[in-house]
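Here the chain labels run A, B and C in written order, and each chain numbers its own residues starting at 1.
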Amino acid sequence: MNVRAITRNLVKPASWKKLLNRRAVFDPHLNATHGTILYMEDVTVSFDGFKALNKLSLYIDDGELRCIIGANGAGKTTLMDVITGKTRPDEGSVFFGQTIDLLQLSETEIAQGGIGRKFQKPTVFEHHSVFENLELAMHADKRVWPTLFARLSGEQRERIDEVLEIIGLSVERVRRAGLLSHGQKQWLEIGMLLMQNPRVLLVDEPVAGMTGQETERTAELLTSLAGRHSVVVVEHDMEFVRSIARKVTVLHEGSVLAEGSMNDVQNNPRVKEVYLGE
Amino acid sequence: MLKLITRYIQRDTGGNTLLGVLALITVLVPVLNLVVPEGSALHLSTYTVTLLGKYLTYALLAVALDLIWGYCGILSLGHGAFFALGGYAMGMYLMRQIGGRGVYGNADLPDFMVFLNWTELPWYWHGFNHFGIAMLMVVLVPAALAYVFGWLAFRSRVTGVYLSIITQALTFALMLAFFRNEMGFGGNNGLTDFKEILGYNLHSDATRAALFVASALALAVAYITCRAIVNSKLGRVVVAVRDAESRARFIGYRVEQYKLWLFVFSAMLAGIAGALYVPQVGIINPGEFSPLNSIEMVIWVAVGGRGTLYGAVAGALLVNYAKSYFTAELPEVWLFMLGSLFVLVTILLPRGVIGLLRRSSAEAAP
Amino acid sequence: MLRIDKLNQFYGASHILWDIDLEVPEGSCTCLMGRNGVGKTTLLKCMMGLLPARDGRLTFNGRDITRDNPEQRARIGIGYVPQGREIFAQLTVEENLRIGLGARNDKLREIPARIYELFPVLKDMRQRRGGDLSGGQQQQLAIGRALAIQPRLLILDEPTEGIQPNIVHEIGDILLRLNRDEGLTVLLVEQKLAFARRVAQHFSLLEKGRVVAAGAMPDLNEQLIHRHLAV
C-alpha cells in the first residue's frame, strides 16, 4: 500500500466519521434492489510497481453462484483480499449492496457484517468437537464477560443442528475436529462461516486435495447454498467448475478477460490463448 | 441441581481425586499433628505440616500458571513476580503486626526502616496494619501489574517466545527494584521475623495447622473456580485462541481482551498463593522475584501435564518433593536433575506425568 | 531412466497426488502437462526428494531412490531447474555455476567450457551478481547450474514462464540440442502447448493429481487438450 493511498484515506471525511463511530455500520436491511450484491469498479492494486489488479470491474448478483478462474498470479487472491478488507486498493470502488462502501470498513467489520471468507487450508479448532467449533463461530455477543456466562439457548442449539445438517456432519457432532478427514474439515469450516449468517461467501479453492466423492459432495453443498447466500468460488479444478458453474469469470493479469456461461468461456479464443500459452 | 453436580463429577476423575485427597488431608494432617501424641509413629511433626502447606501454595501457583499456559498458550516465565507481590503484601501486614516487639522496639517502624534512619512510615505502608486492606492488596497489586503489562503486550500482539522473554524481563526488573533499600521493602534482607497473624502466634502448632488448612481450602476453591471457567464457553474460546489465534480473531473474538482478563485472574491466584506461602516460611525477600524461580514453576506444570489443572498440582508436588529430598541428601545433584527433568519432559512426555497415566489406562482398557 | 510407481503425496490430510505412474524413457524428452493446481510442481518436488512421498516408489536407472534425500539424488545425476529459477541472487554467475560442481562424480573443479558455449551471455556476465540478471538470463543461469552437476536426467519446472519470446525460443533450441544431439534425458513441466510440442516427444497429462493420459506427443489431440488443458 503506497503513501498516496494512505494519505488519501486519512483525508477522506468518511474515514473520520468511522473513527468517531466505532460500531459496524452494516445496514440490516441491505439494499440489493438492483439485484446486485457486490460491486467492484475499476479496482487497481499495485505491489511495488506490479499490478496485481488492473482496473478490475466485477459484479456479483444476489444469490448467484459465481466461479472465478485464472492462472496463478491472475489476481484471484488479491480480489478476495480487497473484498474482505485485507488489502486496500489504490484506485476503484467496492460496494456491498447499494450503499455500503467496503473501503471504509475494517476487516473485522466486513467479516461480521455479512461477507464470509473461507481460505484454502482448513483452519478449524482441532481440539474442539464439531459441535463446539460451530458453537464458537455462532453469531453471539463475543465479549469476555457475556461469554463466561453464556448458555446455549434452544434456538441456538437448533441453529447449530440446522447447519450440521446442511454441511452433512450431523453424525460427527461430538467428534474432535482434528480427527476429521480433509473434506470434512472443509465442510466444517463452511459451516462455521454459515453460523455467522453471511450474505456473501467467498470460497478459495475448496476442493484442493479432496477425493472424488468429497468433491461431488462439496459441489452439492455449494450449489445448495446459492440463493439464500451469494457464493463466489475460486477454483482450478475445471471438472468441479463445470459441475457447479452458472456464470464464470476468467481473470488474467489483474482484470477480467472473459465472463459468461461455461460454454461461452470455453469457446472464447482469447481464453484458449491464455490457457494454452500461445 | 443434583444433575448439575453429577454431571460435574462425572466428567473429571482427576479433579475429583484431587478434591477428595484435599478433603482427606485437610482433616487428617491437623489431627495427626495436634491430636496424635508426639511419641507415636503416626505423629506428623509441625515441620512436616508447614512443608506440606508450602507445597500446597506451590500447587496453587501451578494451577494459576496452567490456566494461562495449558489452556491459553500464554507461557509466562515471570509468574514469580505475582507470587512475590502477593507475598510482600502479606509480609507488610505481618511486619506491621510486630509492633514494638522488634529489635529496635519501635512501635511504628519496622526494624529495617529504623536501621536506615527513616523517621516515618512511607505512604504505601499505610493501611497494611489492617488485615482486610492487606488482603485486598494481595489480589489487587498483582492484578494491576498484570493488567498494565498484559494490556501493553497483548495489544501489540506479542506472543510466543517474545512474550516469555519480556515476562522474564518483568520479574528480573522487579527483583532488582526490590533489592534496593530505598524502595522501603527491606532490601536484600526482605521482610522477616514475623510474630503474629490476626493475633495468633505464628509459631504455634495450632496456627501452623490452620495455615495448612487455609492453603488446602484455597487450592480447592481455586481448582473448582478454574474448572468452572475452563468448562464454560469462555474456556472454549480461550482454547480456540491457543490453537488458532487468527482464526479466533477472524470469527470475531477480541482475542486481546480474553488473554488480558485470564492473565489478570491468574495473577490474582498467584498473589494469593504468595500470601499463603509467606506466613508459613516466615520470610519474603527479593529472591522470590528471581527469573529462575519463574522458570522452575513452569517445569512443575510441564512435568505434571499442562492443560489439566490437576496435572499442575501433581507436578508441583512431585518436583518439590524431589527437590526437598535431593537438596537434603544429594545437594550437588539437584540442579542437574532439574535440568534433565526439563529436557526429558519436553522430549518424551509432552503431556507430562498425567499424560503417561492416561495413556497407560487407555491401553489397559479393552 | 526414471520410473514412478503408485506415488501418493499429501499436504497434511489433503491428498494431492493419487497413484501416479510415470515413466521417463532414457534419452527422451517428456513433458508433464496440466492446468494450475493439478500437482505438477508437487510431483517434481517428490522426484527431487524435496517432499517426502507418502507411499509409492521412485526408481532411477534401476536404483530405488524413494528414501534418498535431495543431495543424494543430485549426486546420482538428477539435475533440477525449479520454477521461478531460484538462482542465488547474492552470488555471481560464476559462483552460481560453481555450486553445482560439488555434486559431480569426476571431481572436476572447473566450470565446463560447454556451459559457456551453450549460454554465451553467461560468459559475458560471469562476474555479475545473479540478482542483477534479467529473467531470461536467470533462466539460462539456472539451467547452466543444473548442467554443472553433469546430470543424466534434467528436470525443468516451467522454464519459459515469464520469459520474453526470443529467449523462449533460445531455450527451446538448447533443450533440443541437449536432448536430440547429446542424448540427455529431459523431463519438463510446461503450460505453453507450442513449446511442449516442439521440444518433447512424450507427454503425460495430469488432472486433479492423477495421470489422465500419456503417450507420444502426436497423440495429444484436440479432445485431450480441450478436456484437460483448456478451460
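Methods note: a residue touches a chain if its C-beta (ideal position, glycine included) is under 8 Å from a C-beta of that chain, and two chains touch if they have at least 3 such contacts.
Just so we're clear, the structure is a prediction, and the values are computed from it rather than from any experiment.
Enquirer: Touch graph of the chains shown: is it line, ring, star, complete or other?
Expert: line
Enquirer: Compute the centre of every chain as the mean of its C-alpha atoms, then state which one is farthest from the centre of chain B.
Expert: C
Enquirer: Using Cα averages as centroids, what's the distance between chain B and chain C in whole Å?
Expert: Comparing mean C-alpha positions, chain C is 61 Å from chain B.
Enquirer: In whole angstrom, what separates the CA-based centres of chain A and chain B?
Expert: 47
Enquirer: Compute the distance, rounded to whole Å, between the mean C-alpha positions of chain A and chain C.
Expert: Using C-alpha averages as centres, the distance is 36 Å.
Enquirer: Which residue numbers or ranges of chain B touch two or more of the other chains?
Expert: none
Enquirer: Going by the contact rule already set, what residues in chain A reach two or more other chains?
Expert: Not one residue in chain A touches at least two other chains.
Enquirer: State the interface residues of chain B toward chain A in the complex, per the touch definition above.
Expert: 229, 232-234, 236-237, 239-240, 243-244, 247-254, 257-258, 261
Enquirer: Which residues of chain A touch chain B in the complex?
Expert: 108, 111-112, 123-128, 132, 135-137, 142-144, 147-150, 192, 196
Enquirer: What residues on chain A touch chain C, complex-wise?
Expert: Chain A residues touching chain C: 69, 71-72, 121, 181-182, 185, 205, 208-211, 215, 236-239, 248, 250, 262, 265-266, 268, 271-272, 275-278.
Enquirer: Going by the contact rule at the top, pick out the chain C residues touching chain A in the complex.
Expert: For this pair, the touching residues of chain C are 10-16, 35-38, 160, 190-195, 207-209, 225-226, 228-231.
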